[in-house]
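So, here come the structures, one by one.
Each of the next two complexes has subunit A plus one other chain: subunit B in the first, subunit C in the second.
Entry: the complex of A and B
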């Protein structure tokens, strides 16, 4: 009896330690964003929303927030579109060297963001393309395309082939087959790919830092804030970023994955 | 609508493999045709060529008098009902059924009305707003049928549509399929490997084997007067009895076998005219065996045989018999015969077998099987 109790206690303790280890930094970050004082370090002086006020009053931060949102949505849409087209072609047609092509599409996953950013920087320089949010977006398409392709490709089962055939048999052309039949059937994985891309793009720093100039995304703006020392304002903006990521994941989990399981 | 179909010398070769070998078939408008054969016989390849999903290596396909050999599926007056139903999982039933009309630019109200009428035809009017995953296998199958019929095709192609259903439902669906075909009048070409299903629904059956059509005709003709050994063996059970043509006259031919001589009408040589000395194989259905002196029709006795085992099947006893005749050199000839349920049948019993010569079909023995 006592041994059982001890075992239960130990496992609870283990779980608490594990989750504490994962979530303590986030909890501290969020807690000290409400700090009533100039430094986000213990002791906690009292509850205040002044740093959130400061965040929303900061034009540069708000602009960066908007930029991040734009880059994340547009680059994710493009990555999903390209990923879908590549997956459709490789899953449905016999292409020369298709295993090699699949490998090449997924390969960027294994390259570090720093290398990708440096490579793109060199290429853009050589082409004489100026750095802007567009170049950040291109970088994010490069890192998210392999993920989108892999996710969508893996959900294109052979059992969909006959369904597409049936659509063609009933008079649908290739574009209509893709738009009205293939894409809706793959909607869960298309949305999963899109939202995952959004979260990756949303907190990506190195590429956004190296490929942007005057207009920057939120992580880059936060980084420049941090250079002027610790400040509860960075905690506040960090908490907001975290809130957005969590919301996207919750939407995915509650709405999308539940729906997929049902059907 | 409905249209005749002609397949002219269709051949399809894949790398190192001939799936269809010079197939010719003429199908009349409004017929219910079944392509019957074991897996790998080329029946699905032939259906795909009719539907436009495959192009024949050589030969032509005519539908309604027009050459359709290289026309895309979307442009053909055919629709296909797929084995796995291939319903659009994200669409409601009425949108599934109305899809073909939508592709033809029919307005929503009109296609919804037509979809409802067809769902009514297959008995699913109440489920128009449901999605495919809410249906049972048999219901999905009906939706697939309604969807394929909604565009009013000239020819409906059915690729083993009942294969995934359990036996009872399959028998029920084949009756419904037949009834619906009669109502709409469309030419149906139906692929199956189930010979009972084929006999139940077909106007004519094309028996296929190794890429060739071995036999083509109404079920009764194929069963009673098969034109190939494969056809005789595939459709129902049969006894193959080797023999030699000995004597001929204008109307009959005498065939000598190990268990007795039979004088057959010449028209019972269904594949080729008999030649004296020719090796032939006699095909005798188990239910055509009688005990000597049992029937009203004249019987030819086939000597004594011993019942090796018998099983009761309700409509008959199914018996394996060992002929006692000495003429059987290898001694491994076994005959299967059906005896009436009223008969007294016991293992080890000796009976005198007999058969009416009219019921026996003689086919040339292929070289190497003599």
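Entry: the complex of A and C
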């Protein structure tokens, strides 16, 4: 009996310690974003919102926020669309070399972002193409396309085929079947693929760093903020991003996944 | 219309659907990669790229200790991080799967990976707040009088490892938990019926069954850790550079693209070797 109690106690202690380790940096980050002073380290001088004001007054940060949003949505839409079309073709038709095609489409997933970025950079340099948000977007489609394809392809079960056949028998054309029958049936995985790519693109650093020049995304702008050392403004923008991500996550959890569970 | 031409028409349509994704991957992934392989076999001389085939960059990698040391550092740090993360995450995943009541498990898991959602660059910066000379740990220890001078906790290998382990403990808790909850309780009952005690059951039954989850997580950890530039750059200081930092140095100060390309190919070969080593545990299947 005591052994059992001791084991229970030990496991709760372990869980508490690990949760402490996991949460320590986040708690420090958020707490000292409210610091009334110039350094985001102890002692805590008092509560102030001045660093949040500083974030919203910083034109470069706000521009970077907008750029990140644009790159994330546009590149995820492209990745999702191309991924869906390819998944549809490879799951519903017999194409020569389909295993090879699947392998090719998944391949970028197995390569480090650094290498993908470097490859694109050398080619763009050789072709004399200038770096911009567009080149960042191209890179982000490269990393998100395999993810979208794999997610959507894996949810294209055989049980959907008969419904599509029925639609075709009733006179729907190929595009109509795809848009009005297949896509709605796959809506949960389409949305999951889209939001997952948005998260990846939103948070991606190395590709955005190497493939952008004047207009940069948020992680790259935060990176240049780090050069000024410990700064409560960095805490404030970091906390804001965390807050937004967690809220989006909660909305998705409550709305999207609850819906899938019901259906 | 004959059946034959109908089939051709269908095929053409299917090709039209798959072509955008294929073209994108070929143009922006395969071509750049092949170009990089070619680039790695050229050299940079006096600010110009000399396009004659040579293994000079690869030979330089093995001859110059500064470059080779980068790979050694990368491998050491990655190995330490992978092992530590598995060892720390497994008990946590087990506690969530076994001790936490079923209806709170999802909540516990969500909480355990919540800091995942801080921005990637910001996460390393947060550890700087904790570990730096004026940071939380040093200030606390000085406050209670344990130390007189602040300790050098940041800007070294330990800081890099802590930053990495923090991230990968969350990731591995997810993969191992997913594996643990799939196990049928019958395995444990059978083991108990056959007279195994708790430890034996774990060692001979549970652990082998959760090996795929561990290996998937460990492989992900390896790949993401060895290719990362941000965490060592922020937390690691300048004494011990890892391979991605050395690659970035070639790009920045020296604009030596051929060397950077050669180092990237080496990095990729290392990852491929790791994949081959783990391949029999990694099964990515269509649901």
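The criterion applied here is as follows: the second predicted complex is superposed on the first by the 258 of 263 C-alpha atoms of A that agree within 3 Å, B and C clash if a C-alpha of one lies under 4 Å from a C-alpha of the other, contacts with A are read in each partner's own complex, and residues count from 1 in each chain.
Keep this in mind: a contact is a pair of C-beta atoms (placed from the backbone, for glycine too) under 8 Å apart; a residue touches a chain by one contact, two chains touch by 3 or more.
Just so you know, these numbers come straight off a predicted model, no measurement behind them.
A.B. asks: Based on the superposition on subunit A, does the combination of subunit B and subunit C result in a clash or a fit?
C.D. replies: Taken together on subunit A, subunit C would fit alongside subunit B, as the superposition shows.
A.B. asks: Can A:172 be said to touch subunit B (first), subunit C (second), both, or neither?
C.D. replies: The answer is first: A:172 touches subunit B but not subunit C.
A.B. asks: I'd like to know which partner A:93 touches here: subunit B for first, subunit C for second, both or neither.
C.D. replies: A:93 sits against subunit C, while subunit B stays out of touch.
A.B. asks: With subunit A as the corner point, what is the angle to subunit B and subunit C based on their C-alpha centres after superposing, as a multiple of 10 degrees?
C.D. replies: So the angle at the centre of subunit A is 100 degrees.
A.B. asks: Which holds for A:49: it touches subunit B only (first), subunit C only (second), both, or neither?
C.D. replies: So A:49 meets neither subunit B nor subunit C here.
A.B. asks: Is A:126 in contact with subunit B, with subunit C, with both, or with neither (first, second, both, neither)?
C.D. replies: second
A.B. asks: Could you look at A:162 and tell me whether it touches subunit B, subunit C, both or neither (first, second, both, neither)?
C.D. replies: First partner only.
A.B. asks: As a test of reading the superposition: which chain, subunit B or subunit C, is in touch with more residues of subunit A?
C.D. replies: With both complexes superposed on chain A, more residues of subunit A are touched by C.
A.B. asks: Contacts for A:184 in the overlay, against subunit B (first) and subunit C (second): which applies, first, second, both or neither?
C.D. replies: So A:184 only meets subunit B here.
A.B. asks: Considering only touches as defined above, state whether A:14 meets subunit B (first), subunit C (second), both or neither.
C.D. replies: second
A.B. asks: State the minimum pairwise Cα distance, in Å, between subunit B and subunit C in the overlaid complexes.
C.D. replies: 5
A.B. asks: If you look only at subunit A, which of its residues touch subunit B in the complex?
C.D. replies: 159, 162-163, 165-173, 176, 181, 184-185, 187, 263
A.B. asks: Report the residues of subunit C in contact with subunit A in the complex, numbered from low to high.
C.D. replies: These residues of subunit C touch subunit A: 10-11, 13-15, 17-18, 20-22, 24-26, 28-33, 35-36, 39, 88, 91-92, 95-96, 99, 110-112, 114-115, 117-123, 125-130, 132, 134-136, 139-140, 143, 166, 169-170, 223, 226-227, 229-230, 234, 244, 247, 251, 257, 260-261, 264, 267-268, 271, 275, 286-287.
A.B. asks: Taking the complex as given, what residues does subunit B use to touch subunit A?
C.D. replies: Of all residues in subunit B, those touching subunit A are 51-53, 72-74, 78-80, 82-84, 86-91, 99-100, 103-104, 131, 133, 147, 151.
A.B. asks: Taking the touch rule as given, give the residues of subunit A at its contact with subunit C in the complex, in rising order.
C.D. replies: 8, 11-12, 14-15, 18-19, 21-26, 28-29, 32, 39-43, 81-83, 85-86, 88-90, 92-93, 95, 101, 104-105, 107-108, 110-116, 118-123, 125-126, 138-139, 141-142, 145, 149, 153-155, 157, 174, 203-206, 210, 218-219, 222-223, 226, 230, 234-235, 237-238, 241-242, 245-246, 249, 253
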